[in-house]
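In the two complexes below, chain A is the common chain; its partner is chain B in one and chain C in the other.
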Partner chain A sequence: MKIDPKTFVKDYNLLVCIQCGTCTGGCPVKFRSPLNMRRLVRQTHFASDPSLFKKPEWWACTTCSTCSLRCPAGVKNVELILGVRNYLANQGEVPSTIREALENTLLHGNPWGRFRDRRIDWAKDLDIKILGEETAEILFFVGCAPSYDPRVQNISISLVKIFSMAGLDFGILGKKESCCGNEIRRMGEQALFRKLLRDNTNLIKKIGVKRIITISPHCYNAFKNEYPELTIPVYHYTQVLVDLIETGKIEMRNGSETPVTYQDPCFLGKQNGVFEEPRKILSSLPGVTFTEMERSRERSLCCEGGGGRMWTEGFTEGIRNAEIRVREANRLGAKVLATSCPFCLLTLEDAVKTSGLSDQIVVKDIAELVADSL
Partner chain B sequence: MKKAIGVYVCHCGTNIASTVDCESLVLFSKTLPGVRIARDYRYLCSDPGQDLIKKDIKEFSLEGIVIAACSPRMHEITFRNLLKTAGLNPYCLNIANIREQCSWVHLNKGEATEKAKQLLRAAVARVLRQKALETKKVEIKPSILIVGAGIAGIQAALTLASEGARVILVEKAPYIGGHMAQLDKTFPTLDCASCIFTPKTVEVARDEHIELHVLSEVVGVKGYVGNFKVSIKKNPTYVDVSRCTGCGDCMEACVLKKGALSEFEEGMVARKAIYIAFPQAVPLKAVIDPKSCLFLSLGKCKKSCVEACKAQAIDFEQKEEMIEREVGAIIIATGYDLFDPHLLPQYGYGVYDNVLTNLQFERLLSPSGPTRGEILLKDGSSPKAIAFLHCIGSRDENANPYCSRVCCMVSMKQAHLAKEKTGAEIYEFYIDINAFGKGYQEFYKRVREEGIFFIRGKGSEVFKREGRLVVSAEDTLLGIPMEVSVDMVVLGAGLTARHDAEKVAQVFGINQSSDRFFMEAHPKLRPVATPVEGIFLAGCCQGPKDIPDTVAQASAAAAEAISLVRKGEIEVEPITSWIDPELCSGCKLCVEICPTSAIQFNELKRISSVNEVLCKGCGACAAICPSKAARQNHFTQDQILSEVEELAG
Partner chain C sequence: MNIIVCVKRVPKTAEADLFIEKDGKDIKKDHLVFALNDWDSYAVREAVLIKERYGGEVMAITVGPEDSKEVLTRCLAMGADRALRIEEPPCFDALLIAKILARVIQGQPFDLILTGVQTEDDGWGQVGVSLAQLLGIPHASIVNRIEIENGKARVKRELEGGLEELLEVRLPALFTIQTGINEPKYVSLAAILEAEEKEMKEVGLEELGWTSMESLYATLDQVSFPPAGKMAEILKGSPEEIVNQLTEIIKKKKG
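== the complex of A and B ==
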């Protein structure tokens, strides 16, 4: 599909922009890149020079959506970014690492280009129903990072342990599972996203489940907000765990005195309003004293793992937000920095290493903490 | 022999004539039964147009008139009056709306003309069956009810009282004065608010024309213009006002340790369960808040207040009381609620002690406030830097889209006072400065000259770093993002409709506009009236306003109200319903459906009857009556069916 940047003004509601700068003021990479959302909106508004779209900062955005959520005028800032990236993708002008991630997803169903056949290696010692061959009430949508990344696989394993103990009737898609497309759309490949959307919708409809549980807030966001024909209720796993704890289906017994804090994933908190559930779980863990970081909930600071930023380098400079977060958590006295998103887990864990704080703080996913306490 | 009908087709300049062939409409009219004369004219509502009709009525002895023109909402009254002066009953008129419902909504002249013909034919058929109706006159009650005793209600009350009118002033809070009583100084003149306002509140209490009810609410309104019957719920204060001297000994004695958050001080300090909101409160009487009073809420207290009260004024037995008053007109002046910044969590309101609303900051400025007018942080120290954030909850699609009009000036006034009192560094984060009033732009310039930093960029969020508050924003004029460290953040919270505005609107039968404020009858030409005759609006209940505008509107509302009640009597529309006693089966469906409680059921005769004075002529009874006993004047079955038949035919 041919994209004409002249339609951006209308497509993304740029005419109503009052240039108040709320977007730029709240941007998590405002000091780390030349990205200035307000200026880009105005420049696009008067776009006459195509070189505008060649600015590298279009790729610095993490799509955390703080700008769009706060915009008093209703400008679709993030959608503009995605529109521009889509335009660039159609021109073949995407950064090479992004191009690889997109091609990998097209060929193998995941952005890392790992073999489809190995998608359920993490589960080989576990007894899990494969939907399509067997039936279950719940689809446990694992997602790409939790399927392949050795560190993130532990979240998948933890959740299987918890769900089994709680007696949930669940299954996974197995080797047929493909990327949800959330980051694909955000990296600008709208056509590939539409393909994934169509394939996944058909597949999920066919296996006939009543509910979907996701690990990643990114998958949760895609299914909940960007799959119009998927009408089955979608839950992030934290929403399910709260219910299992409150109804006594799982009992958390073990734990030692641990000060814990929490990083709100943008796609779970800011964008989808799931703030309470992770906190409820953390507060009910035995021995855990939960403390909030200064910037939490709607004011949380993005870890920079979203919007395709897992596959880009070089569009930002200076100290990473993830490091700022890890240091903040450490200053707070937390021994565990908890999160509930694979990308947050990876960026934060990396930041613990680069900050030299490995002996003082660890990053854990809430699912791991719960599984460890059973 | 059919009635003699005159048909008049208006061109409305080109509004109608460009889309409807008026001449052919005239020719067509002449073929209709009963039509004695048909004419067209450029502007029928003009004097010569009206004279033309008047002359015809005499010359052709016309008994019914059809006007094919604009909506009856525009000129029905004009033409009814014309009929009256020509000696014809005004209800022998029918208007065919060929403008709003025809020429304005069609493009094809041929089709529009055909539709206009149909409308005209139906109108003629109906007018043949219309009957002369007689208007009744009813007396107007001389008293005027004012709901809300802030600056708007007080201004209206005093204006009316000075004219000798009897005023019933109802206030929900235990004291009068509303938000203005909380203010320190007023922009742009920096008058001390209480110096200019207290004389007015005291005058309200003293004026014998004004019957003041505090801690009271209007819970029911019946009747109609000139004859409203209002029910007022007086909540118990648990203090006998005739005995209480306002000495305050009870407050000292109250044992409630933590106290309850003071509403008047915007929750910044605690008050006791028995309290006088502020030293200049009118009436200066103690009240007990039953929610925080240990005895009233839990039944357990040693009642030290009773012991302390030398006047023996405390009365725990006091009960809620309902009173009724008859009034001729009503002025609604219920004011506004401040936007609740909890709804925009990015600003850290409720998280950080030193993030305040503008109204809280106003209390800090006030010599009678919690800090006696000193600008202090929660820990008692002085701020070195203060940020004022504009447009919090206003001009924001995530909150209220409208501009609250006063907050820019409030912020700048507060910045000026803060600079004067503390010498702190002061930042104003703004989008646009809306300084629209007399002397406002000049004030803006003055504040700039005082060295306050104006940063053109909306505050995006507030967080804490190294013990100080940080405001995140962009200096949009330089195009650079910034984080400014300050000690105090003042949120320029906007004005919103009262949280219970919908309930109040229902009680009075008035409407709200999309911003939830009460809707005026016309946004430009009738800004004080409501669509309900006899009910007027004043102040911020109609939309955000500064004090001068509020006072002006309140004075206007008072003038409208008094000119209404001073007429002494009012004509009541004869388009009411009536119930044929021969046909009524006594099922009472009409009694239930009547929105104005105009229908009574006679237990003895087992039939219903309509009070024509209360009836608004909505026709609900006529529609629901299963035995066709309830009928509506001017909308009889015969009239409506003839109209429908011609339209369908």
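== the complex of A and C ==
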């Protein structure tokens, strides 16, 4: 399965590039790294020397996809990045932290290398159906970060509380759940992604559910767009919560006067067009005044947690986007910066600490805000 | 430069719940995941790097059950040219493993044998050096650098206290490899799938002329968990309560 970089021009539609620079203009890491999409497209176009692919900036991209979505000509910029990373991964030339994340996923089914036996420790005290042993209408696909990360586990617990209160018939895959592969593909390991895709599709088909709900927009994106044989409808949890609120299945009673703003996760918002649901939920929370940040929806600034950046050190310098974002929210007067993605939650919460704003603003996932208001 | 690397498939236990088998002689392994022993992984990478510089061939050998073939496939994906699995004896003893390896290796042309310093599971650290003794070749242990010149190897050994020992060893020789000797390279799933096409042979103990086990130098009597210590105090409560308790303890200790 050798990759020939000569096919990149055709594979990623590089010939149609008009060098307008829209890609570079919208890139969220262009000030933080030498990554210059317009130049890379041009250089790949003329590349006869694979040393081009040794440039470290190929690893700076967060795969937020602003460039591809804005390209007026239809160049597949992000897919080019993934193609180059795949070429490098096949030669074993990936940054050491990404190597570990990929090896961990093959061995343990998650990029952090946490043990499979520990995957449902967060649910120890909760009464949740394990699909395969029991049946349910809905698969609640938890994902790796919400299973293992002590901070993100609170989203999983909050959602179980909400779903149970609403009387949803749901279950989890338990220890059999593995990484969805969204980030794996973006770190360049396409063969490993295909293995996860095959294994997960077979497992999910076998348990016979009617719907899938994900916590992470990254899992949502993978199942919705990159699992061709998985035809079961997939929802991000914000889409489900809106429905539960509108049909009166949950009632949000508690809350205090709080100014809230919202960070659109790239894989939920700009890549999959889920903009309204999170805003509807936030606006219906008791006491909440919702204000938009200047850059929102399609123009939302990437938190830099995607595209394998959660497992990458370096390749960027200067102030992190998450910190810019937290300061922006703080200037707006928001006391809560809400989001609906585990990676956004972690990067933004770090940024609150590094910018010394811990006493002025907190980062919360929408699921936590809803659960607290019940 | 023909290089033989001896490797082992080991269970990963860092975060696993461990249980002891009924007979008390091993831990239960059915729920564990297995991988190539970390030290061996550096040894294979080093062998491949030496091959890339000086030419030759790398052969990976393991003594282990059928499932051990998966770590041999990994070695092939890392750049080894061929692999051999030797059937495992009913009981494990470092010297016995070395004897089995010696019998197989005696029939092979080689300039260099590399093993890991030790394994992550049993940690005897004896197979490599015993094998060198049985083959009658010089050895160096805990090696963190190898340079080959005129049929000799200049190797550095990592000693305690940050000391390094520089040795000149004539080849053929055996070195036990320390982690950190090289920068590991990512082994892609595509490379692993491709490596399944490479040569992998298997040999039984009977074929090697091993009809009955010799008396063992060491037999495993019992495995057990170390008794819980008395010095540790586990704090209980919410994170806030734990922090308060901990601050009190630190304040008290500080006096």
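Convention: the second predicted complex is superposed on the first by the 374 of 374 C-alpha atoms of A that agree within 3 Å, B and C clash if a C-alpha of one lies under 4 Å from a C-alpha of the other, contacts with A are read in each partner's own complex, and residues count from 1 in each chain.
Keep this in mind: a residue touches a chain if its C-beta (ideal position, glycine included) is under 8 Å from a C-beta of that chain, and two chains touch if they have at least 3 such contacts.
Values in this document were obtained by computation on a predicted structure and should not be read as measured data.
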item: Partners on chain A (chain B, chain C) - clash or fit; value: fit
item: Superposition-derived angle with apex at the Cα centre of chain A and sides reaching chain B and chain C, degrees in steps of 10; value: 140
item: Chain B versus chain C as contact partner of A:Lys161, first or second or both or neither; value: neither
item: Touched partner set for A:Arg116, first chain B, second chain C, both or neither; value: second
item: Partner chain in contact with A:Ala191 - chain B first, chain C second, else both or neither; value: second
item: Touching partner for A:Asn36 - first (chain B), second (chain C), both, neither; value: first
item: Touched partner set for A:Lys55, first chain B, second chain C, both or neither; value: neither
item: Touching partner for A:Lys280 - first (chain B), second (chain C), both, neither; value: neither
item: Contacts of A:Glu103 with chain B and chain C, given as first, second, both or neither; value: second
item: First, second, both or neither for A:Ile18, with chain B first and chain C second; value: first
item: Minimum Cα separation, chain C to chain B, after superposition on A (Å); value: 33
item: Residues of chain A that lie at the interface with chain B and also at the interface with chain C; value: none
item: Residue numbers on chain B that touch chain A, as the complex places them; value: 345-346, 348, 391, 395-398, 431-432, 456-465, 472-476, 479, 481-482
item: Chain A residues within the chain B interface of the complex; value: 18-27, 30-31, 36, 38-39, 66, 69-74, 294-295, 297-299
item: Chain A partner contacts - residues on chain C that touch it in the complex; value: 12, 14-17, 31, 33, 35, 183-191, 193-194
item: Residue ranges of chain A in contact with chain C within the complex; value: 1, 89-94, 96, 98-99, 102-103, 106-108, 114-118, 189-192, 195
